[in-house]
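What follows is subunit A paired twice: with subunit B in the first complex and subunit C in the second.
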Partner chain A sequence: MKFIINREKILSPLQQIVNVIEKRQTMAIMANVFLQLDDHQLILTGSDLEIQVTVILPVDSTGIASTTIPASKFLDICRLLPSNADIKFQIEETKVIISSGRSRFSLSTLSPETYPGFSETEPKYQFSIPSKQLKEALSKTTFCMANQDFRYYLNGLLMNISNSTLKLVASDGHRMALFQDEINQDTGISNKIIIPRKGIQELYRILDLTENDVTIHVCKNNIKVIADNVIFFAKLIDAKYPNFQQILQQAFLDPIPVQKQNLKEALTRVVILSNEKSKGVTLDFDVEQIMLTAFNSEHEEAEEKVAIEFSGEPMTISFNGQYLIDALSNLDSDIVFLIISKDLSCCFVEESTQAPYQYIVMPMTL
Partner chain B sequence: MVEGSKSSITDKLINNQVSNRKIIHIDMDAFFASVEQRDFSELQGKPVIVGGPPHSRGVVAACSYEARKFGIHSAMPSSHAYRLCPDAIFVTPRFEAYREASAIIREIFYSYTTLVEPPSLDEAYLDVSHCSKHNGSATLIAKAIKTKIQQHTGLTASAGISYNKFLAKIASDINKPNGFYLITPEQGKTFIENLPIRKFHGIGKATETKMAKLGIHNGKDLKKVSLQCLKENFGKAGLYYYHIAQGIDPRPVKTNRPKKSIGIETTFQQDLSGSAVILKQLQILLKNALEKTAAKRLSPRTLTIKIKYQNFQQITRSRTLTSPIQHGKAANYLLKELITTTDVNHRKVRLLGVTLSSLEKHSNYHQLDLFDSIS
Partner chain C sequence: MTSNKDLYSWLHGSWSQLAAYLAQQRIPQSLLITGKKGLGKQQLAQNFVKALLCEQRSIESLACGHCSSCQLFNANTHPDFTVIQPEEAGKSITISQIRGLTDFLLLSSQFNSYRALIINDAHRLTHAAANSFLKSLEEPVEKTCIILISDMPTALPATIRSRCQKLFVEAPDSEVAKQWLQQQQISEDLDILLNMAHGVPLTAQQYANEGILASRKSCFNDWLKISRQQVSPVFIAEQWQKVSDSLILFWMTTWVTDTLKCYFNQNPDKCYNPDFKPSLQELAQRLELKRLFKFYDLLLRQKKRLSSQLNKQLIFEEILINWARLSRK
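Moving on to the complex of A and B:
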């Protein structure tokens, strides 16, 4: 069985697939790309058993065949061939011959019968969303996901659908990102799922490949995202995300408006002399100003003043300066609001009440 | 690899830098047992074993020279020692007394140099390269230290002198007890050539067997083996062995060793069974270990548990977090997770241990957690 494909057509989808495949494998077949030829279509699949990416590419061949070949070697060959090269594939019994110009490679194959693909189950519900909107929502939230936290449900993103409202939540316990926006369609459903960290990171990359709407199918144990000719699967984290509503329901002080750029720049400078690990910065709110201070174990100190409109009671609160910088960097407006709880136990950083994003940064105690 | 090959240039450089050092290794003779014999005259001249009682699961922490004649040595199970010498007198360790004696000898060391590295209570390396006392003679300094130790503690020590730590340690072992031995730079190479592999500090039984398989039985054999071959067979230690074979040991005398890990372990009088019981014991050990790290103002990020099953098979399981491990729910959860990958559900356990590592200095700030405040 033979087919020809242009290098530029196969390279970036193949890259997406190889990203998913774990480099260190105990199951040999999982280090391979699953390759199917099905009447003018080439279907490539890669998986790490938690995530699966499938790409469908048009080819000028009519046969039916399937095999699996070593992923990273396959990618390296395609990558290192000259631009715009036409790559010819020939699937044989125990090998795949790849040739282009004066190059010829013979890759060994493993039988496709044992390839453990994701079994498709009936979706509980589905909706579509412009890839741009989803990409932005992810970029504003995912940086708050935990990494290797023992609370495994935090190592992922909470997706909450409530009829036509999409909510995304990510938190490592120290800070939290909340996104809420309309998807302009009634799903008639209320549902929460947790998508694992690696799945979210791969999905984010896949969204780069399309400008169109993507369709999201939520099944019992997994999520399927269809983006043009790419089909993405991820297993869901089977856990309940902690209820954080209590945080939102406490008593807050009046919102404090701040010039975002001024605060961000001051923080960036003060953090230089903060403790390397904790990045602790103390904020002293007083009439018309915030004084930012930081010190480190070498007894070095930094101090900055930022002018604000503030007429409340003076107060002192400390944060990981980097967490505040991250939150500020992800807000779009020039003026941001700091909304601090009355007992100084948490702080919201947000644009205005209408904005789809808000951040919570938990303070530090001295 | 033979001399004159390309790597010998770097070796010579290292050698020149460190071969004119004067290192003394002081090793107290049967330290714990000698303290006991000193304090209790009825023990003098008798086989004394400091450690667990004969019918317990304890081990020999130290034993007198009289006990050594029976083949008893430290780290041997007490029950085994009892079989070798039923007349031996078993005494429970009095660490306070040993620490006190140890503090006295350390004061003596510090009166000669600040470059003192005490790896344990009963031994120390001293770098006296720049000590002006006794006209800078390492031999005279070592002899003076030995005399002072005897005067101030009533205990004897053995001293080894050489131009690196490896040889100084070997030298102190040569004429034990109350010994003294000097290995000069001229003698160093010949000395190592004739040294049986098992006498090399840092080479235990396992490595000895492995070396024997490669036909390495003494320093001379070791010297013939290429660096590459040593690295292939012994990993990181390969380079150390390679240098040692040529009498090169550039390790400095480290004055205060930063703690790399803090661990606690317990051998139980009766084997434990059931994961709930074992988890409970691990929680207690972890709590104590966390208190120790907190007292030193250190925050650990890695937790390792050690389990020795009834049949002495030993396993460890470890997990590293991105933020410090703190006492409470999180730590207990971590323990639970670690023991799920062990056989504690259906195998009995005789020893449990907990080690905290990846230690970092405490920061003054304490980060609050969003989900801790949610009840």
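Moving on to the complex of A and C:
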């Protein structure tokens, strides 16, 4: 079975796939790309058993064939051929012959029947969302995910669908990012899944900033995202996410409007002299100003005043300064609101009550 | 009784128990398979997992061998099955190996069936690894089957043992074992081979293939020569470095126990070494009983020391010097 494809057409999809494949493998076949030729389509698949990326490319060939070839060697060959070169593939019983110009390579194959690809199962529900909207939602939430936490359900992103509302929640136990928006279609279902960290990071790479819709299929064991000619699979975390709604159901003080840029810059300066690990910064709210103070174990101190419109009772509350900076950096408006709970147990950072994003930072005792 | 042609004949009893689990859909979440080394416990566990994961299991609970799951299993690429064992023979199973299982155990399975984990030589888990594994054993994820295999289950922490269902694989009757050995074209010295292999047919087969009986014979002759003061124990201790130390210590233990049996005129059928009987009887008449028992105690003590860092040659020098002294009078 033969087909010809231009180097520029295959190179970037191939890089996307090789990205997924892990360098160190316990199963030899997982270091391979699964290659399928199916009636004018070339289907390339790479997986690390946790996530899988498949790219479909058009080719001029009518045959049906499948095989697997070593991924990194395949990529290196395509990458190092001259640009715009036409690459000719010939799939044989135990090898694949790649030739272009005066070069000829023969790669050994492994049987495609033993490739453990994700199986297509009937989705529990599906919906579509513009690629741009999902990518932005991910970029503004994923930084709050935990990394290698023993509470393994925090090492991922919660996707909560209730009929036409999509919620994404990420938290590491100290802070939380919350995204909530309409998807303009009725799914008629209420469901929560946790997508692992690795899956989210790869999905973010696949999505582009266009208005094209991506289709999301949620199956029993995995999530499948179809974006143009790319099909992405990820396993799910088999666990229950903590009840994040609880934090929303409490009494809050009046929102305090703050000039975002001023607060962020002041925080960035004050954090320099905070404890290296905990990054603790104390915020003293007083009439018309916040006083930011920080100190470290070497008895060095920093303080800065930021003017605000505040007329409530004076109060003192400490946070990890870096968490506040992260939250502020991810908001777009010039004015942000700090909403502190009455018992000083948490602080919401948001643009306005209607905005799709909210950040919640838990205070610390210094 | 269901039979599985892929299994050794003596495993059929254990298999029927596992097959019943499959038939009744009562899959153990953690199973500890114990029994002597060389009985085919791994083969038993693999067969069970293959049948568990098979999409078209037969009524007799056997894997079909041709569905996609069986194909992946045969190629060792089944995504919902993994095996953990010491990275090198004789080494421990480390905590990083156990931590590496987190993704396997906590992420959803790839296919809509069970996921299975086999831990070979589970007694090789380090203390820390065993403790970190406890959590997975205690709160297993749905549709997960963890199988631990060990020939030294007492070396496993009690906390692990108590969380597992147990399956003990017995060594076959000597008749069954002999029959199997004959099928493997081994026909000589079957009794002695099986005695030396604690009745385990696979070990007996290995001994026969390696010609272990010849080296046993030459060691026994060395041992007699020391007893007759014809050769230096230090010289022999050096010579014996070429033979497996645990094996030779076991042989010596059997020679001493057989000498003791001869002393008390025990039934010769119950001896480990019927072929050495005349020499052993001669020793029984010549040696002092009390000192023989003391020597036996020394052998048991040294057995424990073999797994330590002590110099093996020195251990054998001590044994053989004691043996030479024992025979001097």
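Note that in this section the second predicted complex is superposed on the first by the 363 of 366 C-alpha atoms of A that agree within 3 Å, B and C clash if a C-alpha of one lies under 4 Å from a C-alpha of the other, contacts with A are read in each partner's own complex, and residues count from 1 in each chain.
Methods note: contacts are C-beta pairs under 8 Å (C-beta built on N, C-alpha and C of every residue); 3 or more make two chains touch, one makes a residue touch a chain.
Because the structure is predicted, anything quoted here is derived from the model rather than measured.
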item	value
Side-by-side fit of subunit B and subunit C on subunit A, or clash	clash
Contacts of A:366 with subunit B and subunit C, given as first, second, both or neither	first
Partner chain in contact with A:196 - subunit B first, subunit C second, else both or neither	second
Subunit A residues touched by each partner, larger count belonging to subunit B or subunit C	B
Which superposed partner A:13 touches (first subunit B, second subunit C, both, neither)	neither
Touched partner set for A:321, first subunit B, second subunit C, both or neither	neither
Contacts of A:70 with subunit B and subunit C, given as first, second, both or neither	neither
Partner chain(s) touched by A:49 [first = subunit B, second = subunit C, both, neither]	second
Superposed model, subunit B segment overlapping subunit C, candidates 2-10, 254-262, 272-280 or 290-298	272-280
Subunit B and subunit C contact sites that coincide on subunit A, given as residue numbers	none
Residues of subunit C touching subunit A in the complex	68, 71-72, 74-79, 82, 102-103, 106-112, 141-142
Touch list for subunit B against partner subunit A, complex	319, 321-322, 330, 333-334, 337, 360-361, 363-375
Touch list for subunit A against partner subunit B, complex	147-151, 171, 173-176, 242-244, 246-247, 275, 277-278, 280, 297, 318, 320, 345-346, 360, 362-366
Interfacial residue positions of subunit A with respect to subunit C in the complex	26-27, 29-30, 49-50, 111, 113-116, 118-119, 121, 152, 196, 220-222, 235-239
